[in-house]
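Chain lettering (A, B, C, D, E and F) follows the sequence in which the chains are written, and residue indices restart at 1 in each chain.
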Amino acid sequence: MTGLVTFGETMLRLSPPRGQRLSRVDGFDVHVGGAESNVAVAAANLGVDSAWCSALPDTALGERVVHALRGEGVEPLVTWTDTGRVGTYYLERGGRPRGQTVVYDRGETPVRELAPDDLPLARVRDADRCFVSGITPALSDQLAETTARLLETAADAGVATALDVNYRSKLWTTDAARETLTGLFPHVDALFVAERDARSVLDCEGDAEAVAAGLADDYGFETVVVTRGEAGALAVHDAVHEQAAFETDTVDPVGSGDAFVGGYLAHRLDGGTVPDALAYGAATAALKRTMEGDMARVIPDEVAALVADGEDGGIDR
Amino acid sequence: MTGLVTFGETMLRLSPPRGQRLSRVDGFDVHVGGAESNVAVAAANLGVDSAWCSALPDTALGERVVHALRGEGVEPLVTWTDTGRVGTYYLERGGRPRGQTVVYDRGETPVRELAPDDLPLARVRDADRCFVSGITPALSDQLAETTARLLETAADAGVATALDVNYRSKLWTTDAARETLTGLFPHVDALFVAERDARSVLDCEGDAEAVAAGLADDYGFETVVVTRGEAGALAVHDAVHEQAAFETDTVDPVGSGDAFVGGYLAHRLDGGTVPDALAYGAATAALKRTMEGDMARVIPDEVAALVADGEDGGIDR
Amino acid sequence: MTGLVTFGETMLRLSPPRGQRLSRVDGFDVHVGGAESNVAVAAANLGVDSAWCSALPDTALGERVVHALRGEGVEPLVTWTDTGRVGTYYLERGGRPRGQTVVYDRGETPVRELAPDDLPLARVRDADRCFVSGITPALSDQLAETTARLLETAADAGVATALDVNYRSKLWTTDAARETLTGLFPHVDALFVAERDARSVLDCEGDAEAVAAGLADDYGFETVVVTRGEAGALAVHDAVHEQAAFETDTVDPVGSGDAFVGGYLAHRLDGGTVPDALAYGAATAALKRTMEGDMARVIPDEVAALVADGEDGGIDR
Amino acid sequence: MTGLVTFGETMLRLSPPRGQRLSRVDGFDVHVGGAESNVAVAAANLGVDSAWCSALPDTALGERVVHALRGEGVEPLVTWTDTGRVGTYYLERGGRPRGQTVVYDRGETPVRELAPDDLPLARVRDADRCFVSGITPALSDQLAETTARLLETAADAGVATALDVNYRSKLWTTDAARETLTGLFPHVDALFVAERDARSVLDCEGDAEAVAAGLADDYGFETVVVTRGEAGALAVHDAVHEQAAFETDTVDPVGSGDAFVGGYLAHRLDGGTVPDALAYGAATAALKRTMEGDMARVIPDEVAALVADGEDGGIDR
Amino acid sequence: MTGLVTFGETMLRLSPPRGQRLSRVDGFDVHVGGAESNVAVAAANLGVDSAWCSALPDTALGERVVHALRGEGVEPLVTWTDTGRVGTYYLERGGRPRGQTVVYDRGETPVRELAPDDLPLARVRDADRCFVSGITPALSDQLAETTARLLETAADAGVATALDVNYRSKLWTTDAARETLTGLFPHVDALFVAERDARSVLDCEGDAEAVAAGLADDYGFETVVVTRGEAGALAVHDAVHEQAAFETDTVDPVGSGDAFVGGYLAHRLDGGTVPDALAYGAATAALKRTMEGDMARVIPDEVAALVADGEDGGIDR
Amino acid sequence: MTGLVTFGETMLRLSPPRGQRLSRVDGFDVHVGGAESNVAVAAANLGVDSAWCSALPDTALGERVVHALRGEGVEPLVTWTDTGRVGTYYLERGGRPRGQTVVYDRGETPVRELAPDDLPLARVRDADRCFVSGITPALSDQLAETTARLLETAADAGVATALDVNYRSKLWTTDAARETLTGLFPHVDALFVAERDARSVLDCEGDAEAVAAGLADDYGFETVVVTRGEAGALAVHDAVHEQAAFETDTVDPVGSGDAFVGGYLAHRLDGGTVPDALAYGAATAALKRTMEGDMARVIPDEVAALVADGEDGGIDR
């Protein structure tokens, strides 16, 4: 039985060395990333039997993506296609006063064509938890429909479902996102949403607690987790639970939100409480920020130690 | 006045280090290449005032292409667009028993939409020579039409024109290529064609001399240059001229055909004879093979010395 | 059901850049290699469901080994230990007139302690083929015994078994190797042996065919494959089958023998004949030599094409 | 017509990786830098038609310098010589408690011999703005004279002139600098000076405003800009204008002063007011600090956005 | 005559690039480090004639260690062995919230077998100062005995002796350390101890001054230096002397404690007072933190300038 | 007592990665090389107590040179100066049809000013062998005189002397070289000369044996070694001795001539015969070609094995 099944697009990430601009780039580091595979990777590294569904062209670059996920212990459930390309995104690392610049080149990817029947729904029904981010339904009308069917199938089979809003302004408008995502909410048990997205996409008001409570009330979620960057996270699940963020010396912030979700879900799947899972999420996200690439290659013991003892930073010898 | 104007698509080339597979790639070297810009670069490095026409999206990656060409002394005549992407191609370097593997990812590039009126035709009319490869008309029906108008415009203005057949089986069939290219031939003064392409695309028969003579007769070219890889090249221009290839320790073969054309055209524009231009072409191509990247960053003196003295390989101190 | 199960030690390989000596080394490339995991990797890349049994310390470096194999699609069946270290070997690449220099640092590795009952024997009994090299029994008396029990268990369960002699003079004497290995032979169906090892370890005489035939006769092997480096390979299996080696531009020769075995076994498991399997082995080995690292990251289509068409070396575009 | 013409020496900059000392260096990153070409590069990237005058030996290294500037869109107006060398400077990056260490190796460079008649004075007369730093006249007596003639020629032709004091203690004494530079002041419209240099070289006293006002009064400058590092900049131009510095995560501070001047001049040439130009200068300098190398490879939109909105630091997607 | 002789184990340090985990490592930077050789290197770079005693296997990796120390001007006094291996340690660089992770792989090293008579005791007797850290006696019972004999020999010959407690929990318990180290104290003139180790290993109580004074009283040390990380250091030598730590932009903290000792001892050997030597120690340690690797490749002038003027951080040109 | 003392200039060598041109270089590998220090390095690696005399500026780059030689076990006998620079040379690696390109930047180096009294003549008198190449007297008139005095001093003290003609056309004419070098010959015991230099500089005629015999006769050398590249070497010393060159897979040919001399001299100093020393020279030169950099970091055992057994090229495990 699979602990966690996720569904979404995964891309090659091409980033120049720090301090080099895309407009002058001489070399790219290659990483593999996508919200849903990132969540699966974090969970797999924390001991959860994880799988990721998607489509890829049957090329060396498609194989590159699968190679990365297999290496992390995530089972790839891939529909291989003869056409289409592997999506890429270019990441120029910055620092104040400019931030990270992301240039997406994700057109013509085969995942956009996946219909519900293309998914391994038997595997989904057999899982403990099913996760998808708001990016997947944003990619095409087909995927909006497929995502809805996926969540419905899982919910009908008694599989706990989770959705991370993860709004991307380069993919759709806030209006389109609201319409599509709220249509998915009836099949979602746990909602993750950045406070900023809750306001701009879901029209929430009030402080973070009010946002979480309002969403839980309005849509009947079992759990709502509002993430607030350096201000930590807050969950409404029966009661209100707050979690501070850990201070980090950040090497690469990309993927830390996905690491949070992966750490949270892994601990929940392992039987942990919501407040403990929030701590696992925060710790996994913090550790992710010290690593290059989108993936949280964490070790269960170090996450547990960070949760237990707080930050370190010294030399252990 | 511009010596040479070329027109075509230029891409980012992404290649893993030698010995690393695309399916496992951790890092890419970034080069900039395209048949027509490669020809312009070779000519510019040999002292010809060169320009390259194309379209690019107005992004950091579009700027990356222009930066590379400006750095080589080629004037970019670019139509900047708000949509589309920069084409890329992935090059896995091999060695016997596998060769170089090229994976094109050149969809949705803005050059495909360029109409004749988008081109700087005044600059074309004011040039000494206009060059295009058979790749350009293969990219879209629009470009087939635009290429025809470009060559016609140049020819009408008395600008010498050159075409390199450069057949790409991943872009079109031999039948489609033959139909389109032979439609361009009436406006072409000098034709470059690999012996293999002459047979498969243009249905030529006989030995290389027969091929060249036949093409010259059939289509009325002033010059036909048949390239034959390690077997050298042969031209029919009034008389028949043969040129051996130089032996090389090859670091990177990509772009050596373009370097041949660039070296040939540069020497012709400098007033050289056809046989001397063949030697310049062969020398430029040989030197290109000792350099990473698609571009022939040659020095006029070293090309001249190689033409005069043949190969060296020692240490000059 | 698993297609292929292998059993042995896998190490980190640390190699300086070409042209740099170990005695002056500033940086190491890290690869993962071991004869039995290399065989499993080649087979897995050719589509065989492959697993590898071993023991590793439960450290970041042990995880490094497992990460590499998982990434190649090999299932690691690992006994994790609290003590011991990950073996390493240092490879200084040379060229004439010095060769590759290998410095082993493989002491105190936990695989040496593995008893038969530590192995997943149920998985072995359920496999199609079981493979081990002569390195495994050379590592410790315990492993000599465990290897014997492994092969016996497989044979008793009707699983086809294969052994590659792979003599390592740094691990044992030819006398010790002969005594131990011949004790394993009764449980072995297919023997792979370098012609040189056949002479020095197994006291064979005559030409390669005589060697193979003699071994088949003396020990009752179903198949004997004698490998001869650039001279190709020869098998006795009912009849005599010869296979030439492909010419290669070698980037890294390490692991090509294992690639041969993996390619051979994969094609046999896929239902191929012995002569065809020899061709697959030779092609897989040749392709391996064009890649950095011990692993044959081949693509089934390119191996099949090489078998069908022989070497290429051009650019496919 | 050229927007900006600058005149000075440009060198190769050789820097070890961060954390490596020059006394143990194994590899150098190569950049190209010089105060006047840096100013031209910043302006060119901001859309100004820019040129740079200098002399270089006709070698591969001289070509390296020209290649870099052409790539940035700066027109090199170079006197090529048969003798002399390309200046180099070695930069060891530090961090507290040691700073950046610069070792100049700029002897025997041909720019030192340039007489006024060697300069393309017609191009200078035809420009909108002429810029030189105090480094140029420090390099040789000949250059002190040539610089004077250059500024005089520009001023006589109605070209606005600018000078950045840029005192280098390794090139001359404060007394020598004062004598030479004040001799140039009558032909200078806009003076840039670090507050520290104003005190040590130009004997200014009082706070930054007093310094600027005093210089404007004493020498009749139209504009005096006093730069104060992290404390920002202050200009006296009719009125007093203050500009804060942006906070930065600095990757490479070298060249940020030149970026300030380039950003300022570009915005003035674009018709901006002095206070707006100060903001452009500060923004260009801040962005430069996030990039490796001496050159401010900025994008007009990002500079404008930084001026408008202040610092960011997030991820834009 | 030798100024400083040290005795201990030196290893290869293998560290992935920052941001990469050991469990996913693709490449290692190679450095050479060991507490006692680090001290010798710092002292040698500050002008002290320094030697280091140890044992190494006669392999390319043993030669690698010696090469590094010779290059720093330290004389290696090495017993070469036919067996054993070079110790390695793996360093994963972290940042908050995880620290540096050190994985030792130092088993089977020949230094563990060194008996007193294997040491060049005549050279020790002829030195000005003899230094050892608490790591050396922790490595084996033999080394505990050899270290005792070394210090006794030095003390008997009137050579000043120094010991840095340098407790390593991965090598021994605090009880074992206390018993062995206090047995060495009668032959030690100057003791260096981290405040944390003084409490956990030596059962000291009270503030740093009380710790230092108590140790001096209890064991009769001429000098006790208590190091306190960012809080600086405190010495009791006749009087009490305090020294603040310098603020640093840390590139690599490993080895800064050894650099402190080396800087202190070098200045004492040069005739400096204890408070001045503390300042030299703090400055050497601070500079070390700005360099990659375990070694303090400092320049005497920069240490003196830092002691005299405090931190800088600007650009000197 | 020192076995070998050499005297000459040593430079930093800056080379781009293979396939990159100096005119486009982005990064340099840094090596340290000079004919006389290369000879000392080869000899030191073969066990000879070696020293090298020169002058260097007291800068980080001067220290870089000394660091490299100390690391190889060569004792630097350096006159440190307050002025001048470290010479550099730029090496662009090529392959057919272009060779290696060397750009020297060796002006203003302090070694040019060294007078005989600046040399450690007592050390020279105390050595077994004194070596200098023809480059040293070519650098300045002062050095021509100093070299003469050095050789005379050595010869008068009974120290065996050796000179390698090593003609550099970029430093002097053949006429100037002949005049100066023949003036040194009376103090030289062993002459090394490339056959090509013997003809162009020393006006020799006939085959290699005639050249060697003629030089021995004309100038009374005890030994004349004529080197002939791939054709090997020939010595006249009492009798005529011929030595073939080993076949190599060349990584870097620079410095192989110096390695030949160093290997020869080391074996002679070790008591070997002239024919054996020729074999050691050829083996050391061949091994050098498999390493990056100017220095022959050979191991005595591998040189001896190559001399004994001839080339290998396999994997030793």
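Some observations on this one:
As a convention for this text, contacts are C-beta pairs under 8 Å (C-beta built on N, C-alpha and C of every residue); 3 or more make two chains touch, one makes a residue touch a chain.
All of these numbers come straight from a predicted model, not from anything done at the bench.
Traced through touching neighbours, the fewest hops from chain D to chain F number 1. Using the contact threshold fixed earlier, the set of chains in contact with both chain B and chain C is A, F. The chains that touch chain B as well as chain F are C, D.
Of all chains, the one whose CA centroid is most distant from that of chain D is C. Look at the contact of chain A with chain E and you find different residues on each copy: under half of the numbers used there are shared. Using CA-based centroids throughout, the chain positioned farthest away from chain A is F. With centres set at the average Cα position, the gap from chain D to chain E is 46 Å. Rounded to a whole number, the gap between the C-alpha centres of chain A and chain F is 62 angstrom.
The distance from the centre of chain E to the centre of chain F, with each centre set as the mean of the Cα atoms, comes to 40 Å. In chain E, the residues that reach two or more other chains under the touch definition are 21, 23-24, 26, 60, 63, 67, 71, 101, 299. Chain pairs that touch one another are A-B, A-C, A-D, A-E, B-C, B-D, B-F, C-E, C-F, D-E, D-F, E-F. Here chain F touches chain C in the complex through residues 71, 246-252, 283, 286-287, 290-293, 297, 299, 302, 306, 310-317, going by the rule given at the top. On the chain C side of its complex with chain F, the touching residues are 17-21, 23-24, 94-102, 104, 168-170, 253-254.
In the complex of the two chains, the chain A residues touching chain B come out as 14, 21-30, 59-61, 63-64, 67, 85, 88, 90, 92, 101, 103, 105, 107-108. For chain B in complex with chain D, the residues that touch the partner chain are 60, 63, 67-68, 70-73, 299.
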